[in-house]
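There are two complexes below, and they share chain A, which is joined by chain B in the first and by chain C in the second.
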Partner chain A sequence: MTDIGNSPAFKPGPNAKLGDIVRHAMPWSSKMKLPGATPFEFLAAIFLVLLVLVALFVDFIPGLVSPKLPYGDFSQLPEWSLNGLFGTDDIGRSIFSRVLYGARTSMMIVAVSTTIALVSGLLLGMLAGYYRGIFERAVDLFANALAAMPSTLVVLAFVAVTGPSVVTIIVVLGIFDIGTYARVAKAGVISQSNRDYVLAARAMGATDSRVLLKEILPNLIPALTAVMPTLMAGLIITEGSLSFLGYGIPAPAPSWGGMIASSTDLLSRFPVLIVGPILAIVLTVYAFNTIGDYLAQRLNNRERES
Partner chain B sequence: MLTNAMPYIRAISTRLITGILVFLLVTFSATALSSLAPGSAAQLILGDYATPEQIAALNTQYGYDLPVWQRYLSWLGDLLRGDLGVTLFSQQPILGVVLERAAVTFEIAFLAMAVSLIGIPVAMYTASHPNKLTDKVMRSISTVLLAVPTFVIVVLFSYLFAMVLRWFPATGWAKLTENPVANLWYVALPVLCLSLHQTAYLYRVARNEFVTTLQEDYIAVARARGLPLSYILFNHALRPAMPQILTVMGLSLTYMLAGSFVVESYFAVPGIGWTILSAVKSHDIPLVQAILSLTVVIFVIVFMLVDLGYALIDPRVKVS
Partner chain C sequence: MSSDIALNDEIILEVRNLSVSFSRGGKEMKAVDDVSFSVAAGETLGLVGESGSGKTTIGRAILRLLPDANTKSEGAVRYKKTYLNTLSSTDMRHMRDRLQMIFQDPLSSFNPRRNVEDIVAEGLVIQGKPASERKSRVEAALSAVGFDLATVAGRKPHQFSGGQCQRIAIARSLAVEPELIVCDEPVASLDVSVQAQVINLLQDIRENRNLALIFISHDLAVVKNVSDRVAVLYMGRIVEIGTGPQIYERPAHPYTRTLLEAVPVVDATRKIEPDGKRTVMPSRNRPQGGCAFRSRCPRATQICAETVPAVTPAPRGQMVACHHPHDEPAPGMAVRTQR
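Then we have the complex of A and B:
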């Protein structure tokens, strides 16, 4: 394998593919393990890594102003500076700063909700797939009940009773994804539990918990990873819609949906101010969807080969 | 004859039982939800300035002082009698309000679904010319569209079509039964916004299905016999793709009900999404509960129809 990035003669000529250009501009890209990824999938992966880094370290970006304090004039148009990149909102806060801090809000909700959903879904799905019987029926019923309502509606019902809060949204959205993870885990356990390695482990006297955790669980990870990005994209969209409607993240905290909602009031005079938050949410959902498709496809190929 | 129908009857009845169990589970949770209210449900509804007597009176009237299971049983009884009480503020019968608003949402959802069917012929064309320019362009467009949340589409479309081009009204409403033309005029933009996502989704699924189907031997045989491509597509390729298309359409209805909150509130369409948002704002818990229950019924019926559709399209599908 010759490393394209190290050859100084490479010039992106008229026939160069986007992939060649990406590999040339980022020589380390060939070291990243994304076999068979298209350039778009590769860029999506980089975008997601950046997004997570921004969410974690946004406080340490030098020169970035606070997202909650006024920075310039009201509804200032975009200019070529760090804080003024997307302009300022209706009370003079830097939209760029709010978009970056909004990434933290979104990523935090995605991370916590997914953890809740994954841990509970995995537990329920594994038990249902392993022991079957009445337990499987109960888990199926629970998953069916979750599938029979839009999550937005249930969050709204909770908000009607308890008022808007980040905790309510995170917990309800997390509970909603339990159904899908449980289904995937259950199907995985059922298909794995008759495999030879499981029978061998049992024959050697392994306990149920050992078989489930040490033998079967590692083999569930690919299928669960493949559905995860798509569900995460769904979480971002639902949180965005709720914040857009005014029932999501309570006001001063930056959220992309809320920012889009407040920009719509200024849309007739300053349409350009809505670009930043829309770009953020669309690119993020696009990146998650793209990575989800990539993983799902890889998984399918792998299963076909084996 | 009857022996042929037996598996279907059994399949329908098991689905029905599951559906009823799901309905009971969800509606019970909805009833229990009001117990989560800080203080009591009546306190929440009446606000901070209500006297203890008023709160106690409302708690008694709506049964919020009773244990959850008792409240749930009386709610079920009310449902069977077809009388869910009145809305808290306008004092209209809840069942009537919900059904009237649901009709509006259904109109929009069905129109949007009809619009999204455009995705199927487009998918047929691009799938029969895979990796040509149109295929690549349409695939990119659909991928991008799927990444744009409905509320962003709503904002962009209302800006483009109602503010810049002024083709459609941004808000306003006319009843279908009173003025059908004006009604269609008002629903045009909401329908467009709801259908965009769906068209992209349907297109993508249908395209992938058609591409796989068109590689089958029987398609090659049909082509070798000189049958025209359009005939092959509609008569040989469509049917194997139907189960997938049907699933997407079933899911699309659930998606549209969720999307209707955003679309209806933005364009002020008096449908079910708009109603629940105003009910949430005014803490009209009985109304929220009724809408939640109706949604569950609709979803369960739709999923059941999709399942039965599989069996009708593909006789190999076991109906057990």
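Then we have the complex of A and C:
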């Protein structure tokens, strides 16, 4: 099959749409399984994949200097080289290297907090939705209490006790997302429980745990996948604000929020030095939200079809 | 012989004084009120009635599929020598291969993420049957409803039409080799042409396997075709129960007659005069005293307001719950169907 975008005759003219350019530049894009994705959603997906790859393999990028050791003069302006791409910070470290290593920090927090929140939220939400009654009231109370508290302030309170610590931040942020996952899981279980297939499974003699795990759980995954990216974006923002306030990831570990905080002094003289970490946060949050919208949209379409 | 008793002596299911009530927000609604009937092996009992008359609730109460929360049920359900209503939930699970259910909307009765062969095999998996036996029984059940395992394997429920889905649902029930199937409006969501197909299939299977069916439907014509006996429900109570001819040719209860009059018949000479006055459905939460049908009944008298009519033998042999039963040929569709 010859791809239209792959044909040599194609030249992106002034009126070419972004989608055409994407297809031309990345002919394999049509093979990715993102049906109905707009070019922005497609780029967001690629960005997130790259981000995860960077977080996993940043140590193996050839020529990248350590994020913790000085690399050049203090506050060097950006130049066209790998390590100098975003300039250097107030003690001469490569900002580009720190942005890449900061991705690892952010992705680690996102991954672990989300796992904590997802597993506990699913468990609570499924029990609440299936058995209702006292379970449901307890889980609702818990979720409402969490929603009523500003997460940043609560993390600050905990950090004030434990001192700046990655574990504290991860656990507290994870707990804060339990409420949302529990709500989504609960609503899903309630709506699925009314469907005849659950009744049919019980008529076949299925136990409660079989009904919940084998019948209902697989049907909750789409809804959970749709809320997950938005919550992940929230985690990155909260972690950024915490580090900006100085209560986040302890120095000298690189973190996007912390980098913004440390370059505020230079802001009046070299505002360009703050571009790297800001770009990282903005693009990541944008990508997560875009993918979240895309998944939610797909979910709605599928619901309407069935 | 009284028609309350099943047609032959081998009664496999007996329901005695079954009452089910649902409560919500402090209000209580009696969905099923003091219902008694029995079903013999190989017999089809039709349950007819309008929406909310308790048909589905009776079917689910027999199989213990009603939600526990906000539900209260009383009375006894006996399957052969076992009282189902007093079984522990574990013991009840072991009974479930003998009592099965078919649902109104076949597509929604399948887990959308499962393959057809896994859906049909589910009951066998739950029973812990070995994989080799499962495969042969799934194959047999599918071929009993006209499918070939090899051609449908790997397909998802939404790839089948409504009639095909209902046949798969029948296969799923048959795979565990039950003795009684509760069919809850099994053809209501199908096209008329497909309805006949599914009904014929059910009839064939019932005869071959000596299956007892409880056939729940709001469609009098469908019930007439499939049922040995028919129970007519109104507001959770049985108002009339008897053999098909008794009910359809000489309905004794005014409500049964109203239902039969409402069945559309292709007959230009027949004119139906609408009821003189429109009647209001009485509240289910605060039922009126006496007979539940009296506010809509042309024959209601003082006694109907005072005493709830008991189910008693009617002149033609069926059982009827009415103080003033009819004893004349049926209106409407029965005129056409009398031979």
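Criterion: the second predicted complex is superposed on the first by the 300 of 306 C-alpha atoms of A that agree within 3 Å, B and C clash if a C-alpha of one lies under 4 Å from a C-alpha of the other, contacts with A are read in each partner's own complex, and residues count from 1 in each chain.
FYI, a contact is a pair of C-beta atoms (placed from the backbone, for glycine too) under 8 Å apart; a residue touches a chain by one contact, two chains touch by 3 or more.
Here the structure is a predicted model, which is why all the values come from computation and not from measurement.
> Using the superposition on chain A, decide if chain B and chain C clash or fit.
When both complexes are placed onto chain A, chain B and chain C end up side by side without any clash.
> Taking CA centres after the superposition, what's the angle at chain A between the directions to chain B and chain C, given in steps of 10 degrees?
After superposition on chain A, the angle is 90 degrees.
> What is the contact status of A:Tyr286 with respect to chain B (first) and chain C (second): first, second, both, or neither?
first
> Looking only at contacts as defined up top, I'd like to know whether chain B or chain C touches more of chain A.
On the superposition, B touches more of the residues of chain A.
> Once chain A of both complexes is superposed, is A:Val167 in touch with chain B (first), chain C (second), both, or neither?
It touches nothing on chain B or chain C.
> So, A:Ile134: does it touch chain B (first), chain C (second), both, or neither?
neither
> Check the residue A:Val159 against both partner chains and state whether it touches chain B (first), chain C (second), both, or neither.
first
> Does the superposition put A:Ser268 against chain B (first), chain C (second), both, or neither?
first
> Is A:Ala148 touching anything from chain B or chain C once the two structures are fitted on A? First, second, both or neither.
A:Ala148 sits against chain B, while chain C stays out of touch.
> In whole Å, what is the nearest CA distance you get between chain B and chain C after the fit?
Closest C-alpha pair between chain B and chain C: 10 Å.
> Please name which positions on chain C make contact with chain A in the complex.
Touch list, chain C to chain A: 60, 63, 65, 69, 93-94, 96-97, 99-101, 103-105, 108-113, 122-123, 126-127, 158, 169, 172, 176.
> Can you check the complex and tell me which residues of chain A touch chain B?
141-142, 144-145, 147-154, 156-162, 233, 237, 240-241, 244-245, 247, 257, 260, 264, 267-268, 271, 274, 278, 281-283, 285-286, 289-290
> Considering only the defined contacts, which chain A positions touch chain C in the complex?
Touching chain C: residues 132-133, 195-197, 199-207, 210, 215, 218-219, 306 of chain A.
> Given the complex with chain A, which residues does chain B contribute to the contact?
Residues of chain B touching chain A: 18, 21-23, 25-26, 30, 33-34, 36-38, 41, 44, 143-144, 146-152, 155-156, 159, 163, 254-255, 257-258, 261-262, 265, 276-277, 279-280, 283-285, 288-289, 291-292, 295-296, 299-300, 303.
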